[in-house]
Amino acid sequence: MLRFIINRIFQVIPVLLGITILVFSMLHLIPGDPARTMVGIEASAEQIEQAREELGLNRPLHEQFFSFVGNAIKGDLGESIRTSLPVTEEILNRLPITINIAIGATIFATFFGMLFGIIAAINHNKFGDGLTMVISLLSVSTPSYFLGLLLMLVFSLHLGWLPTIGISTPIHYILPIVTLGAQAMGLIARMTRSGMLDVLRQDYIRTARAKGLPERVVIYIHAFKNALIPVVTVVGLRFGGLLAGTVLVESVFAVPGIGRFMVEAVLIRDYPVVQGTVLVVAVSFVLINLLVDIIYGLLDPRVRYT
Amino acid sequence: MDQQVIKRFLKRKVSVFGGLIIIMFILTAIFGPLVAPYDPLQQNLANSYKGISSDHLLGTDNLGRDTLSRLIYGARISLGISLASIGLALIIGVSLGVTAGYYGGRVDNLIMRFVDILLAFPGILLAIAIVAILGNGLVNTMIAVAIFSVPDFARIVRSSVISLKETEFIEACRAAGASDIRIITKHIIPNSLSPLIVQATLMLGTAILIASGLSFLGLGVQPPNPEWGAMLSQGRELLRSSPLVAIAPGAAITFVVLSFSLVGDGLRDALDPKLKN
Amino acid sequence: MTKELLEIKNLKTYFFTDEGTVRAVDGVDLELNKGETLGIVGESGSGKSMMSLSIMGLIPNPPGKIVDGQINFKDKNLCKISKSEYRRIRGNEISMIFQEPMTSLNPVFTIGKQIMEVYKHHQGLSKAEAKEKTIEMLKLVGISMPERRIHEYPNQLSGGMRQRVMIAMALACNPELLIADEPTTALDVTIQAQILKLMDDLKHKLNTSIILITHNLGVVAQTADKIIVMYAGKVMEYSDTKSIFKNPKHPYTEGLLDSIPKIDKPVDRLSAIPGTVPSSNDFPTGCSFYPRCKYAMEICKEKGPDLIKLEDDVQVRCWKYIEEKTFVSKDHHSEKV
């Protein structure tokens, strides 16, 4: 098992390195002079020179890269052009909100996705099956930025049950979480359904019944654990995707999370912030996927021993 | 054989339904100017915030622009971006995939590592990063969506090239002295067409999602262009007064995306019946 | 005293599919005494596995259903009892082991957990007690170092080991009836003999009755007291083991016997029976074996024969014998039909 984990960790390192290189080169891929782009067309030559100095663009490329990587590892992502505050600090201030929404959405999506999937599988080819599958198909196709507006329209503006925007109280989290989780819920429901249908046909389910186990033990323990394995992978991979999805949802509900922060930075060309936020989200995504792989190995003995 | 594919596809009613919706949207996009009742950019402040009426089937926005007309013109932009970016992604992705799969070794390693790194940026993040570099606007949105879609195509083509490369008929071509270019264009690409078609169909929907998402964030196509995502972004501000400005493009995106995925699933089953189940 | 443990009367299990009704089990009668081993022999598709699933109450429904008959186990008709009552019997009083020990064990649970479960649900034992009993049971089926094995997953065991685990699991609650459906088919020949011997030993030790289902008459030769030969959902021959090997009555039984390789006789190839079991929804009218029978007569095509008693423990379903009898009793002249 340990070897499996170490192996996976080693596979991830080049990807992390690649991400860093790509994020680093963002600044250098900007057409024209990034310093000029950043400070604006009317800026004086001095201002441009100063921006160039701040961005470290005057130093040799390899030196820039190594200091970027070294600083990033130390947790230093530079300073925001707009606020002059350290990017790391700005990110850390906003990260908890984003993580709360992403975790909330994961729990929402997992719980309801599995529930719908199991209901559909047990009622195979009956009404419950059809209904849950239509819901999941719609939830997969509806863009989150539209779903969010629809929910806001119905639950906030018409019914007045929930607040519209901002994130000041826990109740404010409900709509962003549902909006963000809906798509993953649909996917998880589909996977759970097909996984359960497949597993329920297996010989060992017949064995479990032949042992005289109650049907709920057969379904929720013997079948579910087997159906769970592929679902866990999806949940994990989705969680990383959800982190990126918060970008859109935070914009819909005007939530001051890391996603909104990133979009604002792109709009005002605050490149250190753009680089920092992109790096944080991408690295989290890779690390979460690594974790998912390891959990997958723990759950399924077949993965470990082959 | 092709007739069989069509026959199998027609058997799946939902996919046919999806196909009809897409055809409807494409016709709308092409003949939009002929059917749209108004100029999508024409402001008329005296006529703002109108609800559904016989004059304005989907009402008007805060500037008195006709929502239906904007939706119709938006179909042009949204479907256009989607088609163009997937076309571009196909060219790049297929070239990368073929090169990696056909030549193998170090080239393969290099290309696929690069693809892996692109895939490490989840969802819309890659597109945002590209826009951050290139700036916003219609063409840059297209490029961003194209690069976002490249990895999937590259992977599919590479794996089918690898499985084809060792087959006897490719060996035979090589023995007959055919050049690499000829083998690739005449034999390998046509034979990996099925998975590519399926993936391209599915990605057409995703492309609309990503492009509209960028525009919604203000990073893609800019107002007053009636791109669907840009309309949604505008509709967000008007949710209380004229919700149709948001609902109409949102529903359009949902239907198109849903239809592309239904058609994609249908094509997959039709092109490769073995894959079913 | 030989009170029957199991008595099946006119059992009919049908499958209602889009292509028509499949009569998987079509009017079977059988009896099994305590401590006896009954062999059910037939090719795949003969209905023997559906027989066993019917007894277990595990016929997948839909599309399958027991449409008629009785399964009397001790003093209960299993076709009439409630689901929860059935559940208490399964794995407790009647157990079953299956052909594929690989796929019949749940891959994501340790074998220990899978056996302990049986104790937990049927005897309400605590975890520690169940564990102790599980180790005991594994020892009984000849698994070395059971303390360590209980923590292993099915994929870490060999095929023979897995089948031993299945047997331990089935016999955990000391059932009165064990149904073994092709228990050795998926195993190597050497392991086959070991498993059969193990089952026979345990049968004597625990006084369990066994229904041994197989396509291979050789498998039941040493262990079964009586044998039923099934074809297309019907009993073709019922006989004690000795008579069936010495003097097979039904043409199908003959065919099955011929297909066993014999050590003492050199054979170029197995003389298998030509043809295959007809898919049950297009059974011919008349005797279902008629198309493959080398003794086929006119009447076989028109009408299916009944099961008739030839001797005390020998029954057969074939016109060959019915003709002789009717003919002996009614018509003394026409010797050649």
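Should a chain be cited, it is by its letter among A, B and C, assigned in written order, with residues numbered from 1 in that chain.
Keep in mind that, in the parts below, a contact is a pair of C-beta atoms (placed from the backbone, for glycine too) under 8 Å apart; a residue touches a chain by one contact, two chains touch by 3 or more.
Remember, it's a predicted structure, so these values are computed and weren't measured experimentally.
Chain-level centrality, scored on Cα centres against the all-protein Cα centre, points to A. The largest tally of C-beta contacts between two chains is found for A-B. If you average the Cα atoms of subunit B and of subunit C, the two centres end up 58 Å apart.
Distance between subunit A and subunit B, defined via averaged C-alpha coordinates, is recorded as 22 Å. Residue positions of subunit C with contacts to 2 or more other chains are absent. With touch defined as above, subunit B holds no residue shared between interfaces to two or more other chains. Across the complex, subunit B meets subunit A through its residues 113-114, 116-117, 120-125, 128-129, 131-135, 205, 209, 212-213, 216-219, 229, 232, 235-236, 239-240, 243, 246-247, 249-251, 253-254, 257-258, 261.
Against subunit B, the residues of subunit A that register as touching in their complex are 14-15, 18-19, 22-23, 26, 29-31, 137-138, 140-143, 145-146, 149-150, 152-153, 157, 240-241, 243-245, 247-248, 251-252, 262-263, 266-267, 271, 274, 278, 281-282, 285-286. By the touch criterion stated above, subunit C contacts subunit A in their complex at residues 56, 58, 87-92, 95-96, 98, 100, 103-109, 117-118, 121-122, 153, 155-156, 166, 169.
Subunit A contributes residues 202-204, 206-214, 217, 222, 225-226, 229, 299-302, 305 to its touches with subunit C in the complex.
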